[in-house]
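Here it is, the structure in full.
A, B, C and D label the chains in the order they appear, each numbered from 1.
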Amino acid sequence: MADKIKITVQRYRPEQDREPWDQSFEVEYTRETSLLEALNSIKDTQEPTLSFRWSCRMAICGSCGMMVNGVPKLACKTFLRDYAGQEMRIEPLANFPVERDLVVDLSDFIEKLERIKPYIIPKKGESQPGEQREYIQTPAQLEKYRQFSMCINCGICYAACPQYKLNKEFLGPAALTLIYRYNEDSRDGGKEERMKLVNQDTGVWSCSFVGYCSECCPKGVDPASAIQLGKVESAKDYLISMFKKKGE
Amino acid sequence: MDLEKSTRQPYVRPVDSTWWTKKGFYTAYMLREGTCLLVLAFVLEMLGFYIAALTGANGLWKFASFLGHPVMIAFNALVLVAVLYHAFTWFPLMPKALRVIVKDTKSGLYKLLDGKYLVILLFAALLGVTVGGIVLFYYPELLGRLLSPFGLVKSIVESQDPSSMPNGDTMKDVSKLVQDYIGK
Amino acid sequence: MDVVKADVAIVGAGGSGLRAAIAAAELNPDLKVALISKVYPMRSHTVAAEGGAAGVVRDDDSLDYHFHDTVAGGDWLCEQDVVDYFVHNTTRELYQLEHWGCPWSRKPDGRINVRPFGGMKVPRTWFAADKTGFHMLHTLFQTSTKYKSIIRYDEHFVLDLLVRDNQVYGVVTLDMQNGVVRMIQAKSVIIATGGSNRCYRFNTNGGIVTGDGMALAYRHGVPLRDMEFVQYHPTGLPGCGILMTEGCRGEGGVLTNKDGYRYLQDYGLGPETPLGQPKSKYMELGPRDRVSQAFWQEQQKGRTIKTHLGDVVNLDLRHLGADYLEERLPFICELARAYVGVDPVKEPVPVRPTVHYTMGGIETNGRTGTRIAGLYAAGECASVGIHGANRLGSNSLVETVVFGRVAGEEAAKFAAENEHTDTAPLTQIAQESLDKALSLVSGERSESVSQIRNEMGDAMEEGIGIYRTDESIRKTIDKLTALKERYRNIKINDQSTIFNTDWLTAIELGFLLGNAEAMAYSALNRTESRGSHQRLDFTERNDEQFLKHSLATYNPDGAPSITYSDVKITKLPPAKRVYGIEAENAEKAAKAAAQNNGGNQ
Amino acid sequence: MFRKDRSDEPIYWGLFGAGGMVVAIALPVIILATMGLTHSLTDTVMFGEIILSPLPSLVFISLMILCTWHALHRVYHTLHDLNVHVGTLHHLVIYGLAALISLAFIVCWAILVFKNIF
């Protein structure tokens, strides 16, 4: 007989509710059941109006970020077996406005990803290789940014970051990581452009290295490390700019 | 279902300033940041030591005995705990600000020098300096001979008005006299 | 109703949609490109592709080899002129992605690395560790932010196309976040919505892969071509159906049954190649249809392993070693550990065939144009003609960029040549489509959407699986007809407008039912065995009668009508499709014959 | 304060980092030393000799100064973490205090050296 677990989900319907309210469900599960499968079975059999984002169910698309007992996680990679004997409390991803039930407004996060010029900007005076040629990039050069290119844009690090909670202007872990990913790509020449954002108070300098973003990141991208590396780069940039004449 | 006029009403959850009490990870972070208050206190103690030194040897001596007061010992013990907690949280974060890419000869892959090695390295440094410090402190003559050509302390002691001080010309006599004085 | 004007509207922001948007923006920067997607672009299912993207790059490879592999792999049902264009443009597009920053895996000297893949004679599959789709999609999305003329409409659900006297004038969408209807008037529309694999209960696809674009075009009279060819990927995890990329076998992984025997050699893929030295077109590197069919045969013989998640075989990667697995297949290790609690370094991974790709789709010509003027289709949702009866692994990811670009450029040209018509009649059409979608919403009725979806999935799994019979297909068709009846009576409890997923999943179910029916009837009428469509009652390939594409045309009140269209054969006359030692012998024979002809002339 | 186009945080962060190293490595020894002063005046005199002779005390006060900037940098950011909206006033006050303490150390050191030479 499959075990049972009580799951309390925070609901919010903008037309009817002034503020969120809780609704509890009883769900059967086996060793393989993920929270996403549980939510889908609740939606199919108990509460069809429950809304949440999901798609790939293999922790690669980044749709199903939500708070599980206060910890930001991907629903598809959270297993009920790890909560046996406890209750599960599911809330929408922290630090984002709640649109409806477990769906949050990620537009601030997505806008920040777009603001940082996340594309290869060819180096000045160096033309891109021809149509049938690639940039030469050794595995060592690839390794410098590879880990930071694994970000699936799920927004969990923004939910984990107290600095983003306190100051929504903060560019945030994922955006700063993406900047570092492109700055360190041997093919890119846009570092000077992107450092303008990094050097601001709302850039790397809002980070007080709590480190919880790296703790919660479901793909082990370690954004906290990217930000510290960003601070080192920004500090170097600050020093260099001191000696450069103002007029330059 | 009126699909003409939007009824969107995003609910913004309030930001409470006790957020850091709600999760062990955040509390540990705030404690780590909180160690700064104790560090500041100790720094002010040391400043006090300097100011006391300005007033002459007995000022120095008075302040030293103040530092020796059990309450101050306890407080400094607390500061020591805070400083060690700071050290234990500081060193693991060091490798995060450093990217060392090495070629792993066995598998021929390029890998990040694992943070563990850096942390062990730095802890070794911490241990070395602490032990070195203690040894030098209890055998200051090693340090004395190395570093103090002017013998500043002797001059301060001598320049004081002798009457206010137990008399005696050399450092050894002064310390013996003060020793007896305390003994009474 | 909120009306927005754009020049080119693109439905779907996966690999094809994004590449089309970039191509249109690059071709004509003052065109307004509306990129519409029901999810944020980086959630599109391209992100889940793992294996790689095929592009000739090695010296010992040639475009002819790639052409031959693709056509033979497709069991000669491919449009050979389109395949020719395809093979000539794959490498160029992959280099373009590399210039845009895609982190392709490299050889020690810094050049692009390729790995062997099923059905490919020479290794030509570019890969980015085992997350090729993820890196391609993120590269395309991030690069698309460079073009200011691309305006994105994220989380907009496309309810219908605006078609009037066989020309398309835009789409009507539901803005899920604001709960309002928005008509996007455009001079040309590109459909890039991906496959329709959620018709099946057990598949490797995400929840969003419900063939919306296919259904929309289908309902406006565009025939769906070759819908009976549904690809089963041989190695998916039991229970959740998550994909274990073919790259595992490309890197040397082997499939063994319950006795530890590498059973593929019994099914025309032998002889057994040594452990850890995969050989192109041999054993585990056979094409997907053959390897999936071998599983079914083993299952019939009772030599598969019984588990609480169903019958499986073992995908054994242990001999590759921990370091090699961590570098080449890190994501596979992560998935196996998380979802079936198996560490590939220590134990074999349980796998079974799962539905993975829809070979068929919206009928398009070689330039992605459809029968409706101004309507284009690219990627998995389209049947441009390169996959035929069975797609080779790593041909699909590269197809998204090759034909995504073509669609983008064609649509941009079409938009530049045409002017906007007046909006009033279009709003009228949009309102009708909206009312039709709203008619689904009612509290009184009784049928459950999820119930119908599951029954459809099971019926498709049983009737139109790896092996089919006339009787099993008819049973599925009867079930689908009953389900379509019950669909008229579904109950939708959610009357809200913001993120009403209850209503949206119901609409998606309607699309799926239509696509499933097209698959079923096409399968029924193709009384032969070809590629991934294998009939137990017609086991042979019948070129005289069935060297033809099937076309399913929508019929509002009944079964779709099935007709056939010719297959363009240019260079490669139909021949027996062989793998393993047979392939080698056939090749030697062909070379010998070529020398003789050479000698005589 | 110095730069309008960007944050001056690198300065404070640099001092904070150096200070952090000092606190982590040097402070434990120093604290242990002060706790040892109860044994005798000789220890005091010896401790005094170390921290009051010009060269070692110069090293000593620079360590203390770095610790000051480290501590007050953290005070500034912790105020922010406690949801206090820190503005330029807080910035001036807190880092001003750090400058003040540093100055105090330097002045004491100068006086000691000055008194001793003349």
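Simple rule for what comes next: a residue touches a chain if its C-beta (ideal position, glycine included) is under 8 Å from a C-beta of that chain, and two chains touch if they have at least 3 such contacts.
No experiment lies behind these values; they were computed from the predicted model shown.
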item: Chain located farthest away, centre of chain B as origin (C-alpha); value: C
item: Chain occupying the middle, per Cα centroid; value: A
item: Whole-Å gap between the CA centroids of chain B and chain C; value: 63
item: Mean-CA-position distance for chain D and chain A (Å); value: 38
item: Between chain C and chain A, distance of the C-alpha-averaged centres to the nearest whole Å; value: 28
item: Numbers and ranges of chain C residues touching at least 2 other chains; value: 108, 177, 496-498, 500
item: Per-residue multi-chain contacts in chain A, two or more chains; value: 14-15, 99, 105, 139, 142, 162, 166, 208, 231
item: Overlap residues in chain B, where contacts from two or more other chains coincide; value: 7-8, 15, 20, 33, 109
item: Which chain pairs touch, all of them; value: A-B, A-C, A-D, B-C, B-D
item: Footprint of chain D on chain A - complex, ascending; value: 162, 166, 196, 199-201, 203, 205, 208, 231, 234-235, 238-239, 241
item: Parts of chain D lying in touch with chain A, wherever the complex brings them together; value: 3, 5-7, 9-11, 13-14, 77, 80-81, 83
item: Partner chain C, residues of chain B touching it in the complex; value: 1-8, 104, 106-109
item: Chain C contact footprint on chain A (complex, rising order); value: 13-16, 30-32, 34, 37, 43-45, 48-49, 51-63, 77, 79, 99-101, 103, 105-106, 110, 113-114, 117-120, 128-129, 131-139, 141-142, 145-146, 149-150, 152-153, 178, 182, 185, 187-188
item: Interfacial residue positions of chain A with respect to chain B in the complex; value: 12, 14-15, 19-20, 70, 94, 97-99, 105, 139-140, 142-144, 147, 162, 165-166, 208-212, 214-215, 222, 224-225, 228-229, 231-232
